[in-house]
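Read from first to last, the chains carry the letters A, B, C, D, E and F; within each, the first residue is number 1.
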C-alpha cells in the first residue's frame, strides 16, 4: 500500500513540474489540469509500483537523506567533477596515459548505494567503472593513471563511500 | 536474453515511471502543444522496451502481460471508430463537441496563448484512443519479437 | 542586463570548451576505455554548463519581463538536465562492460584484474 | 544572421548523407545499425530546425528507440 | 529575433562542428565499441544543441523534444550494448 | 554494355535533379496556397484546439488517421500470426 502511495506522489510531482504555466491554483495550474494529473498518476502508480519497489526497502523515505544527497551533489561531487575535467584536459593535450583495470571492494550493501557510487566514480577524476561482481558488490575500475598495483578505496574515490553510506544505508 | 548488470537495473527502476508519465503528458496535451496520440504512444512503448532489455525476457514476464496489451489495442481502435461514428448526424468525423459549452467545449482564444485544457471537442478523446492503440501495439510487437528471437537461439544451441 | 550577458558568456564559453575537449579526446586517445573517459566526462560537464546558462537566462528574463513563458523554459530545461545526468554515466558503464565481454582488451595496460576474475 | 542558420542546415544535411552512405557501405550488420541510428538522429535534428516539433518527436521516438530494438531482435534471431 | 538570438545560436553551430569530429571517429573506428562511443557522444551533443536552439527561438515546447531524445537514446545504447555483450562470445 | 546503360541512366537522372535544383525556391520561403491560408485563419476558431497540426490530423483529415490506425493494427496482426507457433 505504501509503495502505491509513494509512486502516486512522485508521478504527481513530475506532472505538476511539467505543466506549470498560468491558472487559478496559486497562479500556476488550472483545476482541470490537476484533475487530469490525479487520474494519470493513479494509472502510472498502478503500472509502475511493482517496478519501483522491488526489494521493499523504504529507507529513502526519510527526508534527511535527501537533504544530505543534495549537499553531496552540490559540494564534493561537483568539485570532483571540475577536477576530473581539468585532468582530462591535461591528458588530452599531453597524451600521457598509464591505464589498467583494478578491483576495489567498497563494502556497500544496497542497490541504490552501489549505483550512486558507480555513477560518481564514472564522473570523477581518471576512473571509469567497468564491471560489477553481483555477489559481494566489488567494483572493477578502469584507472587511467595507475600509481599502485594494490589500491585501497581511498586511492580511487576519496571519501565518497562515507557520504554514500550516510545517504543510502 | 539475460538481464543486464545491477547498476542498469537500478537506474531503470527510476526512469521507467518517468518515461510513462512523460508519454501520458504528451498524449493528453496533444491539442495544446506539439505531440499527440502517435508520438506519446511511441514514447510509452519504448518504456516497455527499456524494461524488456534491462530485465531480460524471462524476468520481465512478471511486469508485462501480452494479453492485456492486445485487449487494450482492440479497445483503442474501437473507441476511435465509435468517436468517428458519433458525429454521423451531420457527417462522418464531425467534431460535435467543439464550441458547445459542455465537456471539452470551451472556445479557444484566437492567437498565441498558454492554453486551456478544456477545449478541442473530440480531439483530446481521439488522442487518448490513438495513444492507447499505439502504445499497446508497440508493446505487443516488441514482446513477440523478443520471445521469437529467444526461441530461435535456444533451438540452435540444442 | 550587463551582468546577465557576462554570466551567459562565461557559462557558454566553459560549456563549448569542454564539449570541444571531449570530441578531440575521442579522436586522440588509443583505445575504447580511454575514449570513454574523454567522451563521458567532458561532454557531460559541458552540457551541464550550457544548460545552466539556459536556466539562468530563463529565470532572469522571467524576473525582468514577468512573462510566464520563460519560467516554463527554465523548468523544462531542469528536467532535461536531470535526465542527461542520470542516463549518461549508466550508458558509459553499459558500453564498457559490453566491450570487455566481447573481447576488446585495454591497450598498454599494466594490470587487468577483470580478465583473471572470470565473472559468470 | 540568417546565412549562419543556412550554414547549420546545410552541414546537418551533409552529415546525414555521410551517415546514410556509411550505413550502406559497412560490411558487418551492427555498425550498419549504428550508422542508421546516427542518420535518423540527424534527421530528427533537421526537422527540429525546420520548426516541426511534432515530426521531430515522432522521428526521435521511432528512429532512436523502437527501430533499434526491432532491428536488433531481427539480427539476433537470424544469427 | 532579439539580441539574445545570436548568443545562443553560435554555440549551437559550434556543437555541430564537434559532431563532425565525432563522425570521423564513426568512420575510422577499428572496432565496434568505438563506433558506439561515437554514437553516444553525438547523442549528448545533439541534446545540448537542441536545448540551445530552443532557447534561441524562445519556444518553450521545443525543450520537450530534447527530453524525449535524452531518454530514448539511452534505450538505443542499451540495446546495442546488450547485443554486443552476448554477441561474439561463441 | 551493362555499365554503359547504367551510366546513361545515371546521367539522365542526375541532369533532372540538377535542373530541378536550379529552379528551386529560396530556402525556407515556400509559396502559400489558398488551403494553407484557410487552415491558418479558421482552424483555431472552428475546432477549438490551439495546435493546428493536431486539428488537421484528427478533424479535417480524420479519415486518413483511421487508415493509419488500421495499418498499425494490421502490422500487429501480421507479427502475431507470423510467430504464432513459437511458445516461450
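Operating definition for what follows: a residue touches a chain if its C-beta (ideal position, glycine included) is under 8 Å from a C-beta of that chain, and two chains touch if they have at least 3 such contacts.
Note that the coordinates shown come from a computational prediction; the quantities given were computed from them, not determined experimentally.
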| item | value |
| --- | --- |
| Centroid-based (C-alpha) most distant chain relative to chain F | A |
| Chain with minimal offset from the mean of all protein Cα atoms | E |
| Comparison of B-D and B-C (more C-beta pairs in contact) | B-D |
| Separation of chain A from chain F, taking each centre as the mean of its C-alpha atoms, in whole Å | 43 |
| Computed distance of Cα centres, chain D from chain C, in Å | 21 |
| Chain centre separation (chain A, chain D; CA means) in Å | 30 |
| Whole-Å gap separating chain A and chain C, where each centre is the average of the chain's CA atoms | 15 |
| Overlap residues in chain F, where contacts from two or more other chains coincide | 53-54 |
| Chain D, residues touching no fewer than two other chains | 53-54, 57, 61, 65, 69, 76 |
| Sites on chain E at which at least two other chains make contact | 19, 32, 36, 61, 64-65, 67-68, 71-75, 78-79, 81-82, 84-85, 87 |
| Partner chain D, residues of chain E touching it in the complex | 1, 5-6, 9-10, 12-13, 16, 19-20, 23, 26-27, 32, 35-36, 39, 42-43, 46, 49-50, 53, 57, 59, 61-62, 64-65, 68-69, 72-73, 75-76, 79-80, 82-84, 87 |
| Residues on chain F engaged by chain B in the complex (per definition of touch) | 44-51, 53-55, 57-59, 62-63, 65-66, 68-70, 72-73, 75-76, 79-80, 83, 86-88 |
| Complex contact set, residues of chain A against chain B | 7, 10-11, 14-15, 18-19, 21-22, 30, 32-33, 36, 40-41, 43-44, 47-48, 50-52, 54, 111-112, 114-115, 118-119, 129, 131-132, 134 |
| Interface residues, chain E side, partner chain B - complex | 61, 64-65, 67-68, 71-72, 74-75, 78-79, 81-82, 85-86 |
| Chain A partner contacts - residues on chain B that touch it in the complex | 5-7, 9-14, 16-18, 20-22, 24-25, 28-29, 51, 62-63, 114-118 |
